[in-house]
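Residue numbering begins at 1 within each chain, and the chains themselves are lettered A, B and C in the order written.
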Amino acid sequence: MTTTVQPTASRAAGGAGPLGTGSRFTRVLGIVVLVMVAFQLALALWWSPPELLQGQAVRLFYLHVPMAITGGYLAVGLLAVGSIGYLWKRTPFWDLLAASAGELALLFTGLTLLTGSLWGRPVWGTYWEWDPRLTLTAVLFLLLVGYRAMRNAITDPDVRARRSAVIGLLAAADVPLVRLSVDWWRGLHQTTTLNPLDPELDGLMLFTFFFSMVTFAALFLWLLVHRFRLAWLDEQVAAHGLQDAIAERRREAAPAPAAPSAAGEAPAPRVADPAVADAAGGAS
Amino acid sequence: MFRDAWLVAGKDLRIEARSKVVLNQIGPFSLVVLLLFAFALDPDRGFLQEATPGLFWIAVLLSTLVVIQRSYALEAVDAGRDALRLSGLDPAGVFLGKAGAAFVVLVVLEVGLVVGVRLMYGAPLRGWLLLLVAGTTATVGLVAAGTIYGALAAGLRVRETLLPLLFLPVVAPVMIGGTRAFGAALDGSSAEGWRWCGLLGTFAVAYLALGMLLFESLLEDS
Amino acid sequence: MNATAYVAIGYGLSAIALITYTWRVLTRGRRVSAEVPEERRRWM
């Protein structure tokens, strides 16, 4: 730990905390999440019984449904909140929240599709079925891919934040419409799923189901905090890199008029700096 | 606002009337798409007639992409985008104007496509009222969404490749709704089709409202 | 393949994806935070 802290002298002098995106909160939450995941795996893979119709395949549901709900509802909801928040307040916080939630939504939605296909093969007999919910998830996945592609395509932070906020809001607004259309489209197509509110469902299965839900929500929160801080750091580096570059250009530009002056006379060239730099900037 | 929309739409349509890009390039392109479907599906087995509503709307979607790209290519030259921003026109009006011009252009293309599927695929055309209402609402939805996404992608170096990725998944409801409504009209089972018109109308209204609301943010940057 | 195999593949791939993603976020956070001065990392 101390060796990694060394490179920047200021931090060594300040005696500050470790590098990275962790804090006391995330460390505690991280440990809780790890314990919960271990317990969830034991419940889902070992303690809970196989289901009557689906057999062992039901165990994929303890993965699939929580990921679908955290990714499709929680993460996409936060993407919408962040996007609206940015358009309203215009502060980086909301933009970075939307960016982090959008990326996690993409990850979770992708895994939802994967586990859904793997569940469909033994239960439905096919990897893919044009089930309304599956179709909706696929469209949502593509919308999120587009959101990410948009963010990667723009380097200017302000333009990126503004356009991404519009895209995030539109993508979230599109979800209910897509949902309605695929429901009507495949209206007569009822497929086997698991209804957690089914009173016939075994008590332990029900508990496993809800525990998995809470586990994934906690995991999502933990990842979101880390991802948000990483996005914040990236933004700081980008902004600082620019500031450093500007400062360097000014230092380059400064000596020209002030060249004869002695090194000891520091304040004078510094006063002249902005005008020189502005002139240089206007010319380039 | 509507006066501004009228101005912008008039400008776009006047440019089109002089350059004839839609007439000479995009129209023929949409007919090429119809030709390709005939190559892909066996024309003798009735697949083309059965699939006509879907093929028609795919051709419309692809044409919409090209129309939207053209609509923003107009602004890309001679700093048209900056001029539009500095003109003091109401952003909602600019949005409605660009969408309106795209609507006119797309309707012309759709008429061409309807004639195309009638002649080339031998599709029997029935339920004219449903076709007209569904076609109009779907087109409004397409140009509204397309105008927003076109503005989002405008000015980026990767705009040509980014626009289809952003736009096509979003209009999935229009694709489904348009296809189902046209299918119902051609089958003569209109009741089913009117429900889809409701969905298409909802989509159109939602995206028109979002566009008028959000276009200001999109005109801010360059 | 029986259902158990699909369950194993599903859990295995999900675990790989989640662990890889977490690892990348944490290590990148470490690397990038070295370039940001102390006072701007407000959560510390």
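Going forward, a residue touches a chain if its C-beta (ideal position, glycine included) is under 8 Å from a C-beta of that chain, and two chains touch if they have at least 3 such contacts.
Values in this document were obtained by computation on a predicted structure and should not be read as measured data.
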What chain is the most remote from subunit B, judged by the mean position of CA atoms in each chain? C
Look at the interfaces A-B and A-C and say which one is made up of more C-beta pairs in contact. A-C
Centre of all protein Cα atoms: which chain's centre is nearest to it? A
Between subunit B and subunit C, centroid-to-centroid distance (C-alpha), Å: 41
State, to the nearest whole Å, the distance from the C-alpha centre of subunit A to the C-alpha centre of subunit B. 33
Counting in whole Å, what is the centre-to-centre distance of subunit A and subunit C, each centre being its mean C-alpha position? 11
Multi-partner residues of subunit C (at least 2 other chains): none
Counting only contacts in the complex, subunit B reaches subunit A at residues 145, 148-149, 152, 156-158, 162, 165-166, 169-170, 172-173, 176-177, 180, 195-196, 199, 202-203, 206, 210, 214, 217-218, 220-221
Within their complex, subunit A touches subunit B through residues 87, 139, 142-143, 145-146, 149-150, 153-154, 156, 158-159, 162-163, 165-167, 169-171, 173-174, 177-178, 180-182, 184-185
Subunit A - residues contacting subunit C, complex: 4, 7-8, 10-11, 14, 16-17, 19-23, 25, 41, 45, 54-57, 59-60, 63-64, 67, 107, 110-111, 114-115, 118-119, 121-123, 219, 223, 226-227, 229-230, 233-234, 236-237, 240
Using the touch definition from the top, list the residues of subunit C that touch subunit A in their complex. 1-4, 6-7, 9-11, 13-14, 17-18, 21-22, 25-26, 28-30, 32-38, 40-41, 43-44
